[in-house]
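Two complexes follow with chain A in common, the first pairing it with chain B and the second with chain C.
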Partner chain A sequence: MSKARASLTRTSLVHLALISYAVISIFPVFLTLINSMKDRNAIFRNPMQIPTPKTFDLVGYYTVLGQGDFATYFQNSFIVTVVSIALVLLFGAMAAFALSEYRFRGNTLMGLYLAIGIMIPIRLGTVAILQGMVATGLVNTLTALVLVYTAQGIPLAVFILSEFMRTVSDDLKNAGRIDGLSEYSIFFRLVLPLVRPAMATVAVFTMIPIWNDLWFPLILAPSEATKTVTLGSQIFIGQFVTNWNAVLAALSLAILPVLILYFIFSRQLIRGITSGAVK
Partner chain B sequence: MSDTPSTHDTTGPIKRPTRWHIGVFLLPAFIVYSAVMILPLIETLRLSLFNTVDGQSTFVGLGNFQVLFGDERWADDFWNALKNNVIFFIIHMLVQNPIGVALAAMLSLPKLRFAAAYRTAIFLPTLLSFVIVGFIWKLILSPIWGVSPYLMDLVGLKSFFSPWLGKPNSALIAVSLISVWQYVGIPMMLIYAALLNIPEEVIEAAECDGVTGWSQFWKIKLPLILPAIGIISILTFVGNFNAFDLVYTVQGALAGPDGATDILGTLLYRTFFGFQLQLGDRSMGATIATVMFLIILAGVSLYLFVIQRRIRRYQF
Partner chain C sequence: MGSLQLKSVRKSFGTVDVIKGIDLDVKDGEFVIFVGPSGCGKSTLLRIIAGLEDATSGSITIDGAEVVTVPPAKRGIAMVFQSYALYPHLTVKDNMGLGLKQAGTPKAEIEQRVDKASAMLSLEKYLARRPAELSGGQRQRVAIGRAIVREPKLFLFDEPLSNLDAALRVNTRLEIARLHRELKATMIYVTHDQVEAMTLADKIVVLDAGVIQQVGSPMELYNRPANLFVAGFIGSPGMNFVEASRLGIADAKTIGVRPEHLTLSRDSGDWQGKVVHVEHLGADTIVYLESEKVGLLTVRLFGEHHYAVDDVVFATPTAGQTHRFDAEGRAIR
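Right after this comes the complex of A and B.
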């Protein structure tokens, strides 16, 4: 009897601790979202109150959508992220297949070479990357960003995907070979469909740092036509520091796509992490 | 790698043609990775040994490093940034990782309700960009808005409020804690995964021996998740010594107040790219990048060759 009560107390303490921390995690985001939809007076007088019909005001959003070129920024971020992920997945899976399927001289060496990038950040080569992009005329193009992010994503993709590809049954591949499939068809038609869950995990892992990156857009593509959402909102907010409605609205607009994607993919993401994909 | 039987090896004495497809599979990744990542990295390391003398790029050996470590124009900034970076890292290790372990330990309790909801909520900040996180906290901690004094008033601590981000003494701690708030989700998830991988039998055996609750965590589970703690430590190390975005967003490129939050990433940006009156300096930028590379390399090697080998791994 007393033991049951003790465990009940313990469970409620655990819930209390977890709820408190969850509130700490969500509260700042929540606060930003509710205040972005209020008029200026209400933002300062009652920051904690959710918008009422009296204080509801979308003036911040009008300012942002009127002044900043957010549609272009979103489009740029979207293009860069999607193309980079596609290239990381395609090139990464091909290399992972070669490393996990065939025995050839230099296999281990190639694996180690590609693994360097998992630990050493690509940012450290920025000086020479910028030089190279200037030399090839790629500065202020989305191509520059795509190239950098593809190179950045490949090491982890190869690592995770080759682990998964080792688990694909050899009998299946050999059956394909007996049926006269070429090595390319075996890769594209037999192996790729089987590692789709791992591909999704890699896609999510690759996507987050690309979408959120500030460093490379700032250095390689700061022009108005190539700004990404992260850089665009950074500069926009810097200019509108005193216009709280606009700042809060810009922040909310930058949060929303992440929130939506998170609720769609959170299960995939969490399963990816907990299944030991990044062991 | 060697345990994968390759079909081609078993086909026996038939002389096989060159297997072009291996090259085709490897080439795209190899080219992009080498051209955009490895070669620029090597080139940056090489540039750190050169400087412009009389308008010509000249080999100066370790001259740039001497200037960086000893010259009065550079040394103060550099050692200040390095010291701040070390503090930044220590705060992460002392706050972020223990909180992450504690949250994971609670989440992994059997039959805990709403575990998925907690997990989702606590992991959310990790996905937001530094720009969003930086500005949100700048607003919340701003004395103009008054959200934090109001909240501290609720718990009777209003007198302790001060504009932390603006004070040289507290700015670095405040920025570090913002970063901890954002990233606690990563150690939590990795430890959580490690805890879930502990087999039932081990826990049951411990319970039969009367080891439960706290002592079970300290004596049974913690030793089993040490490898995961090693991984989150090295991830934190690499991330912290490569950090830039948060400080840039919250405190600007000058990493104010008075350089109190300057870390190697912001120093690299200012040096290489220039800021306000300062002109960009490619050679010194490459030198700082090289120092960062060596620090990260030292940390990673220490982990791979010393720590990881000492930690005992248990196979179930």
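Right after this comes the complex of A and C.
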């Protein structure tokens, strides 16, 4: 016999576990936020203390915003992230549709090949990527970053989306074929709207590592004009002196855009995670 | 307009032969039903006719024109699916009109045809709704409407009633029969339900293991089954089969008697047996007997009869209503 309602102890234990995980996750963000609004002495003397009227100081934000370049850094990060997500979703969905819809020689092999992309980190190929970018003259362009991130995101996108596309009814696609829709129309007008929750899931999973990445911007696009926020913040970290106010302020500001993107996708995301379980 | 010919159509998936050479002639205006157990290839055959699957070999002609290389949209067919397959993001009206819109039909004509079809199916009130806001029966009517609007040469139905509940199934069945009379269109219909097949069809095609077992009118199949498979498949409850040797008949291997062609008596008769189970259906009573001479027998009696388990009874087949089959299972006539 199963109980319809879980007991109070069980519920509170579950909530306790979830709350402690949430606290652990949020604490570094919280620490960054409060310290970004304190003066330099207060950061070192009492790092855990929330800003008091005496220690409140926005000098970090003035430094960051006063630098002028930071607007460009934000713009670069935003362009790279949004364009990469768009390309990952488009090509990932197309590949997933082909793999799940059509019977062709090498179908399974192609699926496995893409799955390997999830298992092997793209960073292992950094040297080759850099050589390729130098050869094609793409070093210090945003295009280089977009290309790398698109390649990095596609395997997971294909993996998740092809599973979802298998659940789209064959009859619906066949009805479209009888009504004279082309394969492209079937893909864009029938299938894509139905896997929208999965697309949002993929978008969020793709977005966060791209936004936070330091590795590829540092190697492929370190010029002033193509710096991303994460890389841009590094100018405040020196070998001997680090401007902690500025670093913390830059990081706090960097949370905002990604938070906005997340809210755009999150409504769909919840549906994506629960779909199948909840109708 | 609307005839169909299949000539030695075959289909294999890898090494598995699903359709093993089908020849069939469907005349204009006929209502043909493919019936058979699941996995017999009936849906695959329908998909091949629609162009959704390629035949491995063979020829398909619609109205005398070879269509093997013609895409589904250009074959002049319309299909109704078991799962309705309505476009979830379009209104009922757009669902019905999409095919015509894709074909470049003028707007006024689409409007007029959609109005005509929705009037036929009493869907006028729902034209602005989306499929999610309709009940199952309404959705299936929209799917049928979508087919009518195209004014096809050939209507294809793929188990259209399987997702409906019993009461709606009867209503929709009547509706399809009425549409066939009104439209005088050629219809090909796939089902595993022999009641649908018997009630709707002009001609039934019984399929098993990718081969046509028999083609004929419902009553032909019932009265003169060509082989053991058709004899057992058509009719419910299924036909009783008795080994001929047990009855001392030498020129046949198996004797078949339908449950409704057996009479029961408590006093005397051909085959003595003991009642093992009784089902009361109101209009019918189904009695299951275990007979020493002929094995398990099903007897269908009309009206109410009171037999109890372990009663000893005698069953007698009605004269002239037995079927004889040879060692290969073919009917002996």
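A few points about this structure:
FYI, the second predicted complex is superposed on the first by the 202 of 279 C-alpha atoms of A that agree within 3 Å, B and C clash if a C-alpha of one lies under 4 Å from a C-alpha of the other, contacts with A are read in each partner's own complex, and residues count from 1 in each chain.
Criterion: a contact is a pair of C-beta atoms (placed from the backbone, for glycine too) under 8 Å apart; a residue touches a chain by one contact, two chains touch by 3 or more.
Note that the coordinates shown come from a computational prediction; the quantities given were computed from them, not determined experimentally.
Of the two partner chains, chain C is the only one that A:D171 touches; chain B does not reach it. Contacts of A:A98 after superposition: chain B is touched, whereas chain C is not reached. Applying the stated contact rule after C-alpha superposition, one finds that A:L181 touches chain C and leaves chain B untouched. For chain A, the partner that touches more of its residues is B, with chain B and chain C as the two candidates. When both complexes are overlaid on chain A, the residue A:W211 reaches chain B alone and has no touch with chain C. In the superposed model, A:P193 makes contact with chain C only, not with chain B. Of the two partner chains, neither chain B nor chain C is touched by A:R40. When the two complexes are laid over each other on chain A, chain A has residues 174, 177 in contact with both chain B and chain C.
Residues 10-11, 14-15, 17-19, 21-22, 24-26, 28-29, 31-32, 43-44, 47-48, 87, 90-92, 94-95, 97-104, 107-108, 110-111, 113-114, 116-117, 119-129, 131-132, 147-148, 150-152, 154-155, 158, 166, 170, 173-174, 177, 182-184, 187, 208, 211-215, 219, 230, 233-234, 237, 244, 247-248, 251, 254-255, 258-259, 262, 266, 269-270, 273-276, 278-279 of chain A are the ones that touch chain B when the two sit in their complex. Put simply, chain B touches chain A in their complex at residues 1-2, 4-9, 19, 21-22, 24-26, 28-30, 32-33, 35-44, 47, 99, 102-103, 106-107, 109, 112-114, 116-132, 135-137, 139-140, 145-147, 150, 181, 189-190, 192-193, 196-197, 213, 231, 234, 238, 242, 244-245, 248-249, 265, 268-269, 272-273, 282, 285-286, 289-290, 292-293, 296-297, 300. Here chain A touches chain C in the complex through residues 169, 171-172, 174-181, 190, 193-194, going by the rule given at the top. Contact residues on chain C toward chain A in their complex (touch as defined above): 47, 50-52, 71-74, 77-79, 81-89, 98-99, 102-103, 146, 158.
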